[in-house]
Amino acid sequence: MHQPTKVRDLAQVACAALERLRGEAPRVHCITNAVAQNFTANVLLAAGCVPSMTLSVEEIGAFVAGADALLVNLGTFDAERRAAAEIAVATANREGLPWVLDPVFVDRSPARAEFARTVIARGPKVVRFNAGEFAALAGAEATPGTLAAFARDNGVTVALSGEIDLISDGDRHAGIENGHALMTRVTAMGCAGSALLAACLAVEDDPLRAAVGALVIIGVAGEVAAEQSQGPGSFAAAILDTLFNLDAATLTARARITQ
Amino acid sequence: MHQPTKVRDLAQVACAALERLRGEAPRVHCITNAVAQNFTANVLLAAGCVPSMTLSVEEIGAFVAGADALLVNLGTFDAERRAAAEIAVATANREGLPWVLDPVFVDRSPARAEFARTVIARGPKVVRFNAGEFAALAGAEATPGTLAAFARDNGVTVALSGEIDLISDGDRHAGIENGHALMTRVTAMGCAGSALLAACLAVEDDPLRAAVGALVIIGVAGEVAAEQSQGPGSFAAAILDTLFNLDAATLTARARITQ
Amino acid sequence: MHQPTKVRDLAQVACAALERLRGEAPRVHCITNAVAQNFTANVLLAAGCVPSMTLSVEEIGAFVAGADALLVNLGTFDAERRAAAEIAVATANREGLPWVLDPVFVDRSPARAEFARTVIARGPKVVRFNAGEFAALAGAEATPGTLAAFARDNGVTVALSGEIDLISDGDRHAGIENGHALMTRVTAMGCAGSALLAACLAVEDDPLRAAVGALVIIGVAGEVAAEQSQGPGSFAAAILDTLFNLDAATLTARARITQ
């Protein structure tokens, strides 16, 4: 199906994705937690996208039908968001819209893990999690092998957050070494990264390449921003500035991708 | 009813409004979307006002009754916010409180447009929208003529956001050329502007003058902030700083109002 | 029960609390208003803690059971948050988890004041309020005497926000003179301070010392941040940076505690 991909190609993938985000301004509908909504919208705006966030069951179908990609984030998950997710996923699947699942904190709540499994069965293009969340869903510690098996078994591309982000679609694998420790000290940074990943799916058909593009873009932006910051407060503003100003030369020079 | 207004008067209107916001610290209750709540509160605080945001049907009546102005923003509109709006508008009308409607994204959801029409019939002092939202509500493209007709037909003052903001109460018209492109790259900037407009209605009886004052204040603040910013992240902080520090001399020098 | 405490000891209390927050990274579950969630999470992260914010009745029990402290903030209080608070408080009490009540705006809503009284009867370690909120709950103006009486009568430690923060457990008293006027111009600053207070209860058993520690930390951070800020926007970022970088020498040099 997808062509084999070289590392050098993958650095270009990030540049191409960023250029297309700015050129096409995809609409990205986000079901996300209340903590993350504002920062997520600002990350998407800084990258050139058009975010929408409504959760109302009467309205979300129309919003998703008019969008180019969908994020389903399970943070602060409640009855309203579950009902919204039901409609949003059905609409996305009907319209052929790509969507991302971010099963936040499934390792902290069995009810949430159970719900996440039913959502994965509905066909997200990409599932993004950290090691604890992966373990809660997969019943196994995260290794390149278990990740690839999970991707194959569920027919999804997986993106595991960590010191090195690992991406796998079951056949192909990539590791992204970009990023900065301050990214873990600003709430919603991961959620916003998943929203950017959904945005990249709107402009790049191959989920693995979309995931690589999004994680290189946000990781490089984090590194540049950290160099200009005194702590997490100035960092949160600086990463938005950096996303807004990021260019291909910086992305190419800083991308650290392994396979 | 209202006196004819000269352009030079209108620049003074913004100065007077800002001074009165700081002096009287009006309470502004905001029904607004979850994405916008934090930034809206911070804009109001930076301008000297006292925001409140509760949506609970048991409580919102008491909050609105104790407030000086009300904002009803339809972003991320759900059952809770609809019920809250019902009570809030009834309370505001009973208490003679001025209120603003911001029918966010009515062009993206027919259900929301339908609800917005019922809210307009309840008598907001000002309705604020962009061109797409106006078209969805008025069934016509936004021109000075259709705007004035909409204002007259609905007995409201309208404020249309755009490259040039257009304000009309049906008889009188003003255009505000202030503002900066970065304002479109920070989420909730428009929502916060509508909240500031509600605040100005608390200190200025004439809705057209209140709208002019609010849009000049936020537009000039945006211009000054953009000169100190590297991108949308630093801009969002800088516009709050600028609102807090803004003086009459800067407002007068920078106001660009047409009639 | 608790040892008598000298002022010099109390400055050390703040240093010890900050060090333990960073070393132990306590999990703090927050039921807080939508306006405050993002900034509260960022304050906790900047201080080294791990915030969670979910309100879902199916999940909050599991989150609280896995946390080290709980904040119950009544801002924008609705049916969902009341139900969540019910479960969260029951879980915290069963698990022996310390928790803080912040009865925001009880002076603006009789329904909220009534609910706050029932929550106080459930045994928070600390209740934090401003003068208006205290008066609405205690039926008396806030003085050192009425504060101490309220603390004794309700078996809680109280922390009254103001020009000088007053803390009392009924027997012992402290006043914190740290802080800066800009802290009143950023929304959720008080809410975030209460979350930090909950975090300090996770690392310091004595509620009075935990309250002193939290209020000195946030107050000193506010002072340092104000010196680097141009207004409330840059201040909000700077206080996060300052919390992240704060050291014992700065805390000791700047702590202004009276008894």
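Letters are used for the chains, namely A, B and C, taken in the order the chains are written, and counting of residues starts over at 1 for each.
Note that in this section a contact is a pair of C-beta atoms (placed from the backbone, for glycine too) under 8 Å apart; a residue touches a chain by one contact, two chains touch by 3 or more.
This one's a predicted model, so the numbers in the text were calculated from it and none came from an experiment.
Shared contact partners of chain A and chain B, listed by label: C. The two sequence copies chain A and chain C touch through a face in which the numbers common to both fall below half of the numbers used overall. If each chain is reduced to the centroid of its CA atoms, chain A and chain C end up 34 Å from each other. Counting partners per residue, chain B has 34, 38, 236-237 as the residues that reach two or more other chains. On chain B, the positions that touch chain C within their shared complex are 34, 37-38, 41-42, 45-46, 51-59, 62-63, 66, 80, 236-245. If you check the complex, the residues on chain B that touch chain A are 33-36, 38-39, 75-79, 105, 108-112, 184-188, 229-234, 236-237.
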